[in-house]
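Structures incoming, each one as structure tokens.
In the two assemblies presented below, subunit A is common to both, partnered first by subunit B and then by subunit C.
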Partner chain A sequence: MREKGSPGRPSFGIPGSSLLQRAASLLGRHLIFVGLAIFLAVFPIWAKPLSRPLGINLIMVMRMVGIYTVAAVGLNILMGYAGQISLGHGAFLGIGAYTSALLALKAHLPVWLSIPVAVVVTALVGLLVAPVLRLKGHYLAMATLGLGIIFYVFMREMTWLTGGNNGLREIPALSFPGVKIGQARDYLRAEYYFIWTLALIVLLLCSNLVRSRVGRAMRALHESEVAANVMGVDVSWEKIKAFVLSTGLAGLAGAVFAHIQGYIDPNLFTITLSIQLVTMVVVGGMESIWGAVAGAGVITFIPKIVEALPKWLGEVPRWVEKYSNYEGMVFGLILVLTMIFLPSGITKGLADLVRYRRNPFVNPFRKKAMEE
Partner chain B sequence: MLKEKGSENSPGITFPPEIPTSCARDLEKGAAGDEILKVSDLTKTFGGLAAVKDVSFSVRRGMIKAIIGPNGAGKTTLYDLLTGLYQPDKGTALFEGKSILGLPPHRIAALGIARTFQTVRIFPRMTVRENVMVGMHSRTRSGMTGCALRLPGSIREEAWMEEESMTYLDLVGLEMQSDNLAGALPFGQQRLLEIARALATSPRLILLDEPASGLNAYETRELGEIIFRIRDMGITVLLVEHDMGLVMRISEEILVLDYGEVIAEGTPEEVRSDPKVIEAYLGADV
Partner chain C sequence: MLDFWRNCPQYLANGLANGCLYILVAMGFNIIYNSTGIINFAQGEFSMFGGLFAYALTVSAGLPIPLAAILAVLSVALLGGLMERLIINPLRRSSVITAIIATIGASIFFKSLGRVIWPLEAYKVPEFTPGNISLPGVTVSRQFLWVFALTVASVSLVYVFFNRTRAGKAMRACSVNRQAASLVGIDVFRMSLYSFLLAAALGGAAGLISAPYASYGMGLELGVKGFTAAVVGGLGNVFGAVVGGLVLGVLEELIPGFLHIVLGISTGYKGAVAAVILIAVLLFRPQGILGKGMVEKV
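Now for the complex of A and B:
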């Protein structure tokens, strides 16, 4: 991916380069970013006419993709770059969602204030549990899994605060001083633009981060903790930084989610969500900021597409329909196929395929051609 | 390898005409000849087995000192103790008069001790230059906010790091490979990259752990030249090595370990003729 080769290109920001050069290199550096932003800006125009024949409300789904992107970018920094797995990030979305919702409902805080507070609270909770990062590999996976379960039980059992299994209802919609996003006439589209502006800012900041001194330290400790440590990297501190960043972003995603959804309950933030987030990171591509977008998109869209399939195909045979969860099976099958054919994720896998298309070790079709 | 296989007669690495000044910036700190490292009674046991036992020695600034000994003599354990990867059971180690025992590895690196590893531990999925830039971690300050927002300070620092990292790659002759993935380098060049990365921490003492193992005769000769270069930059070199030819040729003093204990110390000539050393280590060959 682009963030890997950065030192090779002429470095932008060196004094002396002309303004035009600087603008050009800035554009080059952020080509994917600019392309994505333009695509997202014009997307609603043709999303509406397309939604009906497809049987999918594209804007509504894309809103969720944006929210998942924010969470997946954070998790990708933790997992893909710093190499620390977390199977409990669903809980941090939950903490963000509950904090913001409760602040808005019970303390009557305006939404534009409750969201940042929720982010800070979630990041602090992340800091509080950061000592689990002393564990490695499978042990860390187990511990974070446990954390997720603990938070789930808390949310379900603290009925006086969280409403238990009934959850929280009538959470105020997104609104900012002067701009009432959630009450706009076309509120879906307004929320879509808000969420993706947020997501693009997060993507930009994170792609800057991973290409910097901090990002390098995280990647270094991923590859060899001992070597990174001896080279002067405070390994445990870098891990904590990555973890707190990822929990903060999960909190942000959760808080925004609570306000666009209007209701939340503990069952939204279970282990299933945590695993979905991990899947987004892995399918999209570890150690790739843009992989988070691709992963969030694929994982969010696949179930919707599978759901809409009967509408496209006309009728589904009865024996297929009888499997009430055949969506899940198709979903699983796609994941398995992705992992077999693009083990380094969609973004990286495709980029490698293009870059090394002549290399038989990368391109499976070449391999066959060579054997023949 | 310093060059492609089968081109034995082509010139090897070429060095920049002069020593990069930034590498030699600490040359003035402390006069040559004083004790840069003083180790006394260092002991480390693993479940009753003493890997390092009452080891005492000192290293004078600006010298090349070798540590030799049969396999399992405790050489690498000694390095691990000096770089903070292990905590000793007893003993002291003073680096420039300050105790370094009990400090975490990254603090010791910041103080000015760098090392390489016997089994190469580069960061294979990062580029050659990025590897060296990680070495400069403790010399730079940009934080998360600065990096994420690309504040002028961190942009400047990043530009400086990119430029500065090339000096170290020049030094070991890897400047042409700077954008290749480190894992794609041939083994000999990975060893050189480790040395460049260690130098990037701007150390005053460098601990080399069997830098010549796995290198052919030609590469070993080049390595000797690089070690001389490092010494000429004002960096004290401590060298663990099995290649006796290299050790005898470049080191000023040799420390011999056997079963975790010091059995001899002195100039190459003294060590070579020491009966204890011959018995423990060189016996079969001499």
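Now for the complex of A and C:
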């Protein structure tokens, strides 16, 4: 209140300058967002000429990065901000994917309707299993892992609904009234724009959310549940909110995935996917919305780059070519090394390192020792 | 219903055999939890290596089975020690979530390593003594006797270690209060190493006797079930794991059997039983059925 009327900031005097100033401040606050949006908008122009020499279909990969970003942002809020781990989020992508696909296939719902319904259903399932959030640390990790296993078994065994191991095929492509996306001539590019528009909206909403009262409450309970409780934060309710939000976003990612992929089966949504999502969050940086984008990008591109290596180098040893065989070793090493050397992830960790060069008092590595 | 009762002895026998494996894995979880305060998500992978090493030493290298068994357990223990030094020790000052993620990383690294070296879906580990034993209503393989004997031997050895040796007593002191233990001169970090050696050896033994088949994918399942057994017995209660393992093993046979025969539900749901038990126990009785486990305090 005081700032508005304070004589030092006469910004409301001249209308033109205030608008400019406000635009500038808005731009400053959302610099990363605007930069990312511009980059993504012009990306397809370079993607085509670059794709052939690189041997990677960049647009196709970037579609997946967008989908993973949506899921990873949700998981980042849950893990990074609220401090609650989940090793079962792959299953929630599965629930979203199956719900949307089944609604479109069996109930003949249009895709633009089936996706939001799938999001709501997944969020409701998240709410239903939210009592596990009473658990902490290891217990929560194992309980969510158990949830993932239970959902996987149900997806596999409810053959009358889900088709069992054969999965669902010929899922309708993305489409909206008046707009063709999945049936468009250059459908990859159309889907790319659709997915990233969605992802950017989600990113913007979430980055606002974590700066709001809810976001501060979540961070408070991450630091210390007791202290947060004493300060009047309803700890269990905040946890549930974060969890339901993250499951809803996982459902959204899964639903969109089902419609661009065209087929799904239970083996796409196993513990492997859950751990990939956790890896994205951890590598990108917990407690950093933009880290989710970086993490999703890095983790999605690594396999593609390894697969493209033979085209770049001409000849590589046979064992390098068979990436899927040692994929787990790469992810495992990344996880372990990140935890040991850069526990706050690449975005935040690198920023902290730079800051430390300038100022020895924010050394992220010495801080731990000081606290003890 | 009658069919179900007739099958019960068989369920019990199978359940006890599986329960023995869960006991060994669960004890590994408890030992590491007690001396370091973390849950080792790679515990199941120790069992995987136990089975695959046994295969490599007997079938590929042609060693006699007893020698191969001992060598396999020792190599897995070594691997556990290596993991402690390379991953757990550098993270000793980090938060719980960091340590969880690091052990998950180790787990998928191990699984993938196993897959690179032993890429097939299943490797036949030779049984100690082949053949079956038939009793009225029950048929079990002779291997079952070995499983039972080895489990009893391992549990007794661990009991003696914790009650009669200096290192074992020091580890128990660590589990009560690590800070106090280090104040009276116990090297807490060495105890952490010992706990990984011991837990890996137990896990390796479980994999070894889980014949007839071993594969790179068996770790996750055994890990989840072992953890469930540990929780059922009370996490941190090393000998509660014995009760937990047996209860879980038997329930895991009885429940799907009942559902299948009486209600006609597919046995494919068996995979979810342990997870349901795990979540139910965590939510409604987190201290375990014996009530001696540690409940996380604020």
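The definition used in the following text is that the second predicted complex is superposed on the first by the 317 of 372 C-alpha atoms of A that agree within 3 Å, B and C clash if a C-alpha of one lies under 4 Å from a C-alpha of the other, contacts with A are read in each partner's own complex, and residues count from 1 in each chain.
Definition applied: a residue touches a chain if its C-beta (ideal position, glycine included) is under 8 Å from a C-beta of that chain, and two chains touch if they have at least 3 such contacts.
Just so it is clear, the model here is predicted, and its values are computed rather than measured.
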Going by the contact rule set out at the top, does A:M79 touch subunit B (first), subunit C (second), both, or neither? second
Let me test your reading of the model: by the given contact rule, A:R216 touches which partner, first (subunit B), second (subunit C), both or neither? first
After the superposition on A, what does A:V235 contact: first (subunit B), second (subunit C), both or neither? first
Thinking of the overlay built on chain A, is A:I195 touched by subunit B (first), by subunit C (second), by both, or by neither? neither
When the two structures are overlaid on chain A, which partner does A:N208 contact: first (subunit B), second (subunit C), both, or neither? first
Which of the two, subunit B or subunit C, is in touch with more residues of subunit A? C
After superposition on the shared chain, which partner residues are touched by A:V226: those of subunit B (first), subunit C (second), both, or neither? both
On the A-aligned overlay, A:K136 touches which partner chain: subunit B = first, subunit C = second, or both, or neither? second
Overlap of the subunit B and subunit C footprints on subunit A, listed as residue numbers: 226
Contact set on subunit A toward subunit C in their complex: 79, 83, 85, 87, 131-132, 134-139, 141-143, 145-147, 149-150, 152-154, 156-157, 225-226, 271, 275, 278, 282, 319, 325-336, 339-340, 343, 368-369, 372
What part of subunit B is in contact with subunit A in the complex they form? 83, 85, 104-106, 109-110, 114-115, 117, 121-127, 129-130, 133-135, 137-140, 142-144, 147-150, 154-159, 161-162, 178-179, 197-198, 201
Spell out the part of subunit A that touches subunit B in their complex, as residue ranges. 4-5, 7-8, 11, 13-14, 205-206, 208-209, 212-217, 219-220, 223-224, 226-235, 241, 245, 287
Using the touch definition up top, name the residues of subunit C that touch subunit A in the complex. 33, 38-39, 41, 87, 90-91, 93-94, 96-102, 104-113, 115-116, 119, 220, 224, 227-228, 231, 266, 268-269, 271-272, 274-276, 278-279, 282-283, 286, 296, 298
